[in-house]
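If you scroll down you'll find the structure; I have some questions about it.
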Amino acid sequence: MGGRPTWLYQLSKAGKLCVPAMNVNDSVTKQKFDNLYCCRESILDGLKRTTDVMFGGKQVVVCGYGEVGKGCCAALKALGAIVYITEIDPICALQACMDGFRVVKLNEVIRQVDVVITCTGNKNVVTREHLDRMKNSCIVCNMGHSNTEIDVTSLRTPELTWERVRSQVDHVIWPDGKRVVLLAEGRLLNLSCSTVPTFVLSITATTQALALIELYNAPDGRYKQDVYLLPKKMDEYVASLHLPSFDAHLTELTDDQAKYLGLNKNGPFKPNYYR
Amino acid sequence: MGGRPTWLYQLSKAGKLCVPAMNVNDSVTKQKFDNLYCCRESILDGLKRTTDVMFGGKQVVVCGYGEVGKGCCAALKALGAIVYITEIDPICALQACMDGFRVVKLNEVIRQVDVVITCTGNKNVVTREHLDRMKNSCIVCNMGHSNTEIDVTSLRTPELTWERVRSQVDHVIWPDGKRVVLLAEGRLLNLSCSTVPTFVLSITATTQALALIELYNAPDGRYKQDVYLLPKKMDEYVASLHLPSFDAHLTELTDDQAKYLGLNKNGPFKPNYYR
Amino acid sequence: MGGRPTWLYQLSKAGKLCVPAMNVNDSVTKQKFDNLYCCRESILDGLKRTTDVMFGGKQVVVCGYGEVGKGCCAALKALGAIVYITEIDPICALQACMDGFRVVKLNEVIRQVDVVITCTGNKNVVTREHLDRMKNSCIVCNMGHSNTEIDVTSLRTPELTWERVRSQVDHVIWPDGKRVVLLAEGRLLNLSCSTVPTFVLSITATTQALALIELYNAPDGRYKQDVYLLPKKMDEYVASLHLPSFDAHLTELTDDQAKYLGLNKNGPFKPNYYR
Amino acid sequence: MGGRPTWLYQLSKAGKLCVPAMNVNDSVTKQKFDNLYCCRESILDGLKRTTDVMFGGKQVVVCGYGEVGKGCCAALKALGAIVYITEIDPICALQACMDGFRVVKLNEVIRQVDVVITCTGNKNVVTREHLDRMKNSCIVCNMGHSNTEIDVTSLRTPELTWERVRSQVDHVIWPDGKRVVLLAEGRLLNLSCSTVPTFVLSITATTQALALIELYNAPDGRYKQDVYLLPKKMDEYVASLHLPSFDAHLTELTDDQAKYLGLNKNGPFKPNYYR
């Protein structure tokens, strides 16, 4: 569904962006739905459809506690898994602590876990060395960005046997008989082995359409050759369009309250940096 | 513990700010600890110490689903309360839906709820009309900002009797005998009737101290007479100082990974707008 | 996986049971795994595989709050659904309250819910009248016992059109265009549209095997022509055989402690009626 | 609030019980409210009122995963603590696994935990040896039965200094300066440092009153000099009396459904051994 458009920011920094661009990915609504809320469901769905694993009592390590990691961890914890986190960012690590997860280095738990899930956007987070140390039947999958998080290439060596046991499920077999269960060959589990609910697609599509309309309609000079975040008010508009399907009823500010808060009654209701 | 420094931004806008200012309140670490994590605990603590109410099965309406509201709702839901939300902001309302709460107007549920909690930063969210319609023994309290959220003044009229039943607990008695249980006379429950863990104080104090040091040490010209967010790297530094108390172990980027991500190995790890 | 063997008790009561029988279904271990823990996972799995529904924000009514209902509700609540319960038994109803669910009659919520799930063991819990009042796209399925809980027969009438949209998924279409999504034609969702983890099968098979061995080996006179619960000690034995897969370490009583508690160090550790 | 009346069963076994007795403690409703639901709240309340500890991120070991332990663990997990369990009973241990807790021996985690809670009904579960190995500031308390679970006597030795820092809170100080925070001198935390909601008292008192009325009114011969469980129907009656305070609406069986299930429309709805 797209990730953070790092390359757009790089083009902009290099002065090579030739049109204004809207970073819709980091609008609050899209971000939360594509990442947090959608992955909270698709991690369970993807694992069940491929492996029929029981979550209760399983030890799982999740690499990365961003929005995707938060969604995966919340779901797995709720279903009785024991979850460990790895993180590079101390802020996310502290959040993991407060949410009840042990923050460890991958090496500390790699021998004992039943499932390894990557959600970092980074590369080679799970290395051949980690794979060598996993226990028999350990499941390895990627919920992050692109197919680089697990070093799958390192597994394509003569001493290891690959056995395709089902669509999207490979057993990689070590000489001593140990099997690691690799899902979707390290590509995105949520796209390969799960489905994306139409509700999430609707949010994403609406956000993208509004961004295009805004760029097209904007008076000259509002946007330069740079990368912009979606204006807060549009982000709020996308959200408001999706509330009726939950029969949710918004409260309206009185004139007096709007004045007190220094807000327009129709929004935006939060500063732009609010997440 | 302080709230969003709206007045600082107003001074700045009016060109009346005569020194640079740091908005430490909206640094991620302080924000999450003062609001989300701390209130998740103090809502339970404050209600227990004042009323000994059992949470299981209680119907509760929480006005406002920002960080404070999110913390209150998570705790109450976990302990078996049935929670309704009111919101003015469609983004927060949609988040409430995804977290499993009905989003309603206060009038829809005011007759049936056992507890009313305000966390809006707004004024007159609970009006005399709402108070008139509450059922007998309904508990009313404020976890938000200042003492304006509940219109307590409207309760100081001759036909209502006030009875102080315990420190911080008043029964307001209607002519027909109905009692509403008002906590802390509408002031902040978390400050009046609960305690703030030393861990949270440590986070807040560290953030404030670092901001002052930064402003003092900054070379001429880095900060103008404006309001700034705490630099991401300092926010991360505050978090990293508090990780050892959880025995949390951060993962370090390899050179190769840092290059791939376009990051410095020592952070900052996220864009400034990341929350 | 079997349900409560009512017919065995009826045979016994009628004096027509010609051999001793063991009610393995109600042993604690089997009961919890077949019903609570297994259904907690298969309700999510079954709904996703058939409908790709997003759970967050959905309104769901679960009929019956026994072990199966408790499992379904815990999972759905954890994933952000708003869950209502119907119950006939005041003890289970009170538990539902304490777990944070509104206990309602089906009629009170039938117009507003997105999903209806039956887990009662009863018949005609969802009637044609209920089906007539459901909103468009409402999903109806059965996690209970046999295929009688939803009155599917009442839907096989000329004015309704059935459309098979996928394996195990039928749209039943009303003359005004309203569609109800019926799963597995009202048969068990967990058996028809989900899988049973091997871990659960292992528990069930072990319990059954031990019961047979006990009946076969028992000295004359231990069992008469009646229905017995599995001896507590065997129930504990089944559990202990499955602990190593979680790397769980049991604590052993000291002699002194065993004497204090009046227990044998090797169990049974609880009275027979303990659940 | 009373525990399992082991001594009644012992008297009965010894033929020394001179009147019929009702074991009200093990009726489902009383059991769940006194133990599971009440302790889920009072563990948080008791710890906050005595120590103001923040739960998020704390490592806690709970000894015993019966009803009390289940309640404590659910609450602590929900508030972000990382919880370990010790158990002697494999059935309860397996339940702990499925609920997402590591099952360990106390020695495995005693050096790292921030809080130790006993809920076993056993004696000397926390020994002087354990206390010697705890880290500085570790909190120790008892939610179980009587004051025997923590070996407090072993702490009354000359080399240790006791410092009363607040009502119900003692610091026990080792020669090297290490402090262990002992609550209520090892007596019940929930009774000493928390309150019991009136709702729970109402359930308990109703159950006891009904049991007395039943014993008094029963025709000769219904009860012998033995220990009886409260008849299921009365247990259900206690529950039904408390439903209106949650505005919970029971569903009634139709005649046809009652016949199908072989039940009386007014209950009892479950076999006597059902929990």
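All chains are identified by letter, namely A, B, C and D, in their written order; residue positions are counted from 1 within each chain.
By our rule, a contact is a pair of C-beta atoms (placed from the backbone, for glycine too) under 8 Å apart; a residue touches a chain by one contact, two chains touch by 3 or more.
Everything numeric in this text was worked out from a predicted model, so none of it was measured.
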Task: Using the touch definition from the top, list the chains contacting both chain C and chain D.
output: A, B
- prompt: chain A-chain B contact: same residues or different, taking over half shared as same?
  reply: same
- request: Go through B-C and A-C and name the pair with more C-beta contacts between its chains.
  value: A-C
Query: Farthest from chain D in C-alpha centre terms, which chain would that be?
result: A
Task: Just give me the whole-number Å value for how far the CA centre of chain A lies from that of chain C.
output: 33
Query: For chain A and chain B, what's the span in angstrom between their mean Cα positions?
result: 26
- request: Averaging only over C-alpha atoms, locate the centres of chain B and chain C and give their separation in whole Å.
  value: 40
- prompt: Which residues does chain A have that touch at least 2 chains other than itself?
  reply: 37, 56-57, 79-80, 97-98, 102, 246
Statement: Within their complex, chain C touches chain B through residues 56-57, 77, 79-82, 97-102
Message: Help me check something: in the complex, which residues belonging to chain A touch chain B?
response: 6, 10, 26, 28-29, 32-33, 37, 86-91, 93-98, 102-106, 108, 121-124, 148, 229, 235-237, 239-240, 242-243, 246, 248-254, 256-257, 260-262, 267, 269-275
Message: Going by the contact rule set out above, which residues of chain A touch chain C in the complex?
response: 37-38, 40-41, 44-45, 48-49, 52-57, 59, 74-75, 78-80, 112, 194-195, 197-200, 245-247
